[in-house]
Amino acid sequence: MRIPRAKDNVSKEIIGKRLSAIKDLGVDLSHTIHYAFDPSSTTGNIENFIGVAQVPLGLAGPIRINGESAKGDFIVPLATSEGTLVASYSRGMKAISEAGGCITRIHSDFFMVPYLFRILSLEDGIRFAEWCEQHSEEIARVMEATTRHGKFQGMRIKHVAQGVVVEFEMRTGDAMGANMVVVAAHEAGKWIVENAPDIEPEDCHLVDMGKKAVASRAMRGFGKNVTAEVRLTKSLLQEIFHTTAADWMSLYRAVQEYWSTTGTHGHQCMFANGLAALFIACGQDIGYLPEASYGYLLPFELPDGGLHVTIQIPCLVVGTVGGGSSLPTQRECLRILGCDGPGGARKFAEIAAGVALAGELSVLGSSAAREFVGAHEALGRKRPVSRIDEGTPK
Amino acid sequence: MRIPRAKDNVSKEIIGKRLSAIKDLGVDLSHTIHYAFDPSSTTGNIENFIGVAQVPLGLAGPIRINGESAKGDFIVPLATSEGTLVASYSRGMKAISEAGGCITRIHSDFFMVPYLFRILSLEDGIRFAEWCEQHSEEIARVMEATTRHGKFQGMRIKHVAQGVVVEFEMRTGDAMGANMVVVAAHEAGKWIVENAPDIEPEDCHLVDMGKKAVASRAMRGFGKNVTAEVRLTKSLLQEIFHTTAADWMSLYRAVQEYWSTTGTHGHQCMFANGLAALFIACGQDIGYLPEASYGYLLPFELPDGGLHVTIQIPCLVVGTVGGGSSLPTQRECLRILGCDGPGGARKFAEIAAGVALAGELSVLGSSAAREFVGAHEALGRKRPVSRIDEGTPK
Amino acid sequence: MRIPRAKDNVSKEIIGKRLSAIKDLGVDLSHTIHYAFDPSSTTGNIENFIGVAQVPLGLAGPIRINGESAKGDFIVPLATSEGTLVASYSRGMKAISEAGGCITRIHSDFFMVPYLFRILSLEDGIRFAEWCEQHSEEIARVMEATTRHGKFQGMRIKHVAQGVVVEFEMRTGDAMGANMVVVAAHEAGKWIVENAPDIEPEDCHLVDMGKKAVASRAMRGFGKNVTAEVRLTKSLLQEIFHTTAADWMSLYRAVQEYWSTTGTHGHQCMFANGLAALFIACGQDIGYLPEASYGYLLPFELPDGGLHVTIQIPCLVVGTVGGGSSLPTQRECLRILGCDGPGGARKFAEIAAGVALAGELSVLGSSAAREFVGAHEALGRKRPVSRIDEGTPK
Amino acid sequence: MRIPRAKDNVSKEIIGKRLSAIKDLGVDLSHTIHYAFDPSSTTGNIENFIGVAQVPLGLAGPIRINGESAKGDFIVPLATSEGTLVASYSRGMKAISEAGGCITRIHSDFFMVPYLFRILSLEDGIRFAEWCEQHSEEIARVMEATTRHGKFQGMRIKHVAQGVVVEFEMRTGDAMGANMVVVAAHEAGKWIVENAPDIEPEDCHLVDMGKKAVASRAMRGFGKNVTAEVRLTKSLLQEIFHTTAADWMSLYRAVQEYWSTTGTHGHQCMFANGLAALFIACGQDIGYLPEASYGYLLPFELPDGGLHVTIQIPCLVVGTVGGGSSLPTQRECLRILGCDGPGGARKFAEIAAGVALAGELSVLGSSAAREFVGAHEALGRKRPVSRIDEGTPK
């Protein structure tokens, strides 16, 4: 059993050979091989290409967002196979829109790559840290020379037992930035090793590439640190969620206690659900979902029976140029959101925050009104369904 | 701006209307609307359907797995848009296969749904907990009556400040189990409220639906709690990763210290990368990625210069019937793995553990050999590429 | 510079030599050498004895406790040098007592010592775990043979990457239990190594001795897992704390959000304060303070304007025989609490929970009423003080 | 049952009345009432004074420290009732001293008090944060006006869901700083409320007073962020611990895996043990033990068979003026360490780091050499003891 490989990764011939290899396993791929583009457009995105995974795409919304980059009503493409997800998010979006929209803001915006310089002497480490600080301008120059769009933001230097960790931070424009900052940090590391006294190449280690939840990043921000908030009136809560602020808060406090006492990372219901669907639709790197879902939900009961709800996502790593964002269907979805041009990444981050907020509203709202299981039964299973649009009533 | 809705969610007519709505935004969807199946086959998976996200699919492997359910060599379909991912995992799989395969085992296997019964009296709560324990047989019967495949496994009862949390656990066969256990636990909750003294319906709250990393679940297991291990010889490390066990461990210790001192959740490099690609290819619920990526990597240097490497994923929530697993391309990918029949879920979990192990081997291995940035540059960006197969040499 | 040592650790002569050594440093110890007992009574508690630290002791309370072992009103000795601490706890105790007392219950009660058996093979590890389970009766016998008071409670077996961790659990009567269970687990480990196939002595490691906060222990309980609750009426909140349930909850939610977003371990204000003072007064092992302070505070606003407040301490490690509990002043303090006889440890744990609850009530109560800084200023600094008894008004 | 109170908290008369009240409980306090000072010297440290807890004091060391403030050999007073503790720390100190001493450094040094300004509008919150930043000089002036010794270090401003958290940071000289910074931050908060637009007094909440482990503080530092390191040669390991670097590392890796997979906060064995004993002896606030014990141990095996061991305590809150540090026996212990003069707090922090390092060396060293249980048996229990000085051989 071998996967056929060739220099030309996407020629008809080599793809055909791969499909034969699969056929030899007794498996006919009649759907996977249907795709709507020239395979060569996947160069740089995949190796050993054979076709595509087709993930159903539905429309949620519209959601009104009053952000800095995202302003207006957005129809949101979501790729998922979980029944009720689109309906549930649509319901939350409807609530947000009827409330006049959610406010969104980005507090910080950079990608970071950490290197450990192993220096088994505390005194040498302190001298090394000072040297790095004194040479930050040169380091900035070295890093910026590797990229047209990235801007050096700074270094955070931390003494650890084995030496010194330097976290290299860059603003990355519309790119998600992992590749960009890895390359720039690599050059910075090389330059430091060449120029700093008493540090050897083998003592310089890239120590993290993200793709997991990390307390220090959640404190500091990573990618886009974004917040969304909305204010729901008493009547809106009643109309859309058939619940009250008091019932909502009662459920929230039960859930919050469970989060606290079980050691839940991040205090939120289901950021992962909507963000995954949005990420797949729009060509984002799904590997960053664990940190994106390490965030916070905080509702606040208002004296007038309304509810002020805020969500915060400190580590939302997204981009609208490069990576999966230039693939054909993914590009189309970014276009639906108007995020395919300059400034698209920040706009996309604000929309994503709105989506996450919509999901929290809906899942707690329906639970508070005790409809949760009912909705799952009605939409999530292949039965005659009569309430298909309940989430988004006419 | 409105998304057209109708009773028949997937008729040509209503889909057409939705596409018109998107066209009104000035966006032409020429790729998204290409799919290889009858839209009605998505019923139960999506609402407001308009087409598909096409995610590039590549083949990694083969990987040899010596598990309980997964035995033999597997070619692994991965859906991703991150260049180098397939090549990198292939390289790890090659190492595993040349080492004779990895051993995999599932330590526990159940889905759990927690309900809070709010009882604002410690003494009443203790009485209530005892009552639940005394009635576990009836509760098992109530839960099992809701499902053909689920088997009651037990209840874990915990006193919290607001009352008593009952975690209802079921073995769920080949289904991932979220829907199944939510329904069963709902009935159990209803039965308890009807039969237990002094508890009202409004005091019974579903307090978690997963989709985030939780310490208590990582301790206890959730979904499949699965381990994979492999032993790499000195010469294999040299041949495939151009590194030594000592260099590997040196890097690992650097990375481990970074994990410890930054508060990283789970100690692993990149479970999220390969698992996301496997989940998308095979129709898994990507929302469970945050807990799947809360796991552990532990290498152990052997006296003979070899390396014993183990990974553990305590919370791998997967299924091979229901949900996205029955969609057309997703089904084909499950067939490539031989996971489309009875017992497929446990087999799939063991393969997934092997995939995660392969990724850790590759990312640390290439980093230890200082090729990491180079490979990213070569594969991840749209440049003339000459080392396309470096990850998986001939 | 040397510390004089001798076979007889506490003879006048050797103590005198040590004091001379200190005098050689230019330091006269005129207070430290005043103690109220025969130095030989410290045998087993200290090495290189020279005297005592004298920590001021104040009385707080009385506090009414409606527990299982602790029933009635208790005056609580607290040893501290933090001004306002005794007054603040007294105020909380007054609130509890006027509310009719707090209910306390112990959910679980055992000490645990974990051993790793290093087995670098998943299959062998699984076999080993099964072997241990099959031999649990013999293991119980081996452990119980080492102690007159300890009772085997069970083993929890966990597969980790390097092998198998066995957590040996014992009920320890009135002893705190660390020494007892370390000895018993040591014998168990020895017996396993001698009797189980394929495990060597050098592969058996004691991997934890407590004295830090651990999520898995907080989930499972360690030492005494104890809860205390009280219900404060609207008028009581007004009278004692000059606040309302609504203001209390408003502050609590602010604090709770800070805990969530900063990654605070355990959600409570200041368990550490009162528990430290109680531990020092009563001869407890202060090293267990980090886990004792990993607990939870949960207030609940009642419809009638009252407040239901619960605290939970999952890992309270205390004892009333052995260790520091038999030292002279410490014994006297245990006697003040009536905890010097059989069953004293559980009684003491319930009182400790009441003390922790009193502290939370007071610190949040005074903060909610904005008196916090004022009280600190008045009591904590050496100024003319006119409101010394404000915490506990006549 | 009442505790007698009076304006003069420490007159003979009122103390006598309190003792009578205790006598009425049937308890005679013959030891507690022996103390070596005028009760009035406890004013500001305790309320409802009746006497003292006498905690046995032993001498450990000497330990050689090559720090910035602490230079030379130190005999360390430790107050504890845990047998073997002094001997065990002495053994570690002996290893450090024979290795030529440990290096210690303080990376950061400040106390911090966080206030939440509740602003339920993201946009207003952003404006408020900007306003605070623009007025940082005024705020510094307001804070510094409240203290002779404190210096404003900065503000860290964080957007949370309910508004804006401002963390006020000050350098506090030789004072521990809690009282100082609470007062200064209170004035800052008041000034902000008076001067910033649109913020009301009731929206300003003190949200934390420390005394628990917090991830964000462990990342940032709190109190003294201090590191200690030492290099043990192969022969020293053999001579003092009867072990090798390889056995040490093997045990360490077992323990490290247990820490990772159980969710241990901080990765260290027993900082809490020695720090508690040092804190009690020297009049530190024991409530800060939970954060002091949230630190890291990292050993590194050297090619020559030696061991490089580092410990880091990011949150060591200590002071040498004010609080318990001026009580009689506590002052004497500070004098033994030479920490009673200007600059004493930083010197004390460096010594404390050395003490923590000594404890880790000893507990892992003896465990690696399998003597652990034996030592406990010999020293920790009231039996004829023949190896009393084993920890600190002649």
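Think of it as A, B, C and D in the order they're written, each chain with its own count starting at 1.
Rule of thumb we're sticking to: a residue touches a chain if its C-beta (ideal position, glycine included) is under 8 Å from a C-beta of that chain, and two chains touch if they have at least 3 such contacts.
Every value quoted in this text rests on a predicted model; they were computed, and no experiment measured them.
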TODO: Using residue numbers, check each pair in B-C, C-D or A-B against A-D and return the one sharing over half of the contact pairs.
DONE: B-C
Open item on the list: Roughly how far is chain A from chain B, centre to centre by C-alpha average, rounded to an integer in Å?
Closed with: 17
Open item on the list: Using mean CA coordinates as chain centres, what's the gap between chain B and chain D in Å?
Closed with: 42
Open item on the list: Quick check: what residues of chain C touch more than one other chain, meaning two or more?
Closed with: 160-162, 215-216, 219, 253, 257, 259, 261-263, 296, 298, 300, 312
TODO: May I ask you to sort the chain touch graph into line, ring, star, complete or other?
DONE: complete
Task: Contact footprint of chain D on chain B as seen in their complex - done: 215, 218-219, 253, 256-257, 259-263, 267, 296, 298, 300, 312
TODO: Would you mind writing out the residues of chain B in touch with chain C in their complex?
DONE: 103-105, 107, 120-123, 126, 159-162, 215-216, 219-220, 227, 229, 263, 296-298, 300, 308, 310-312
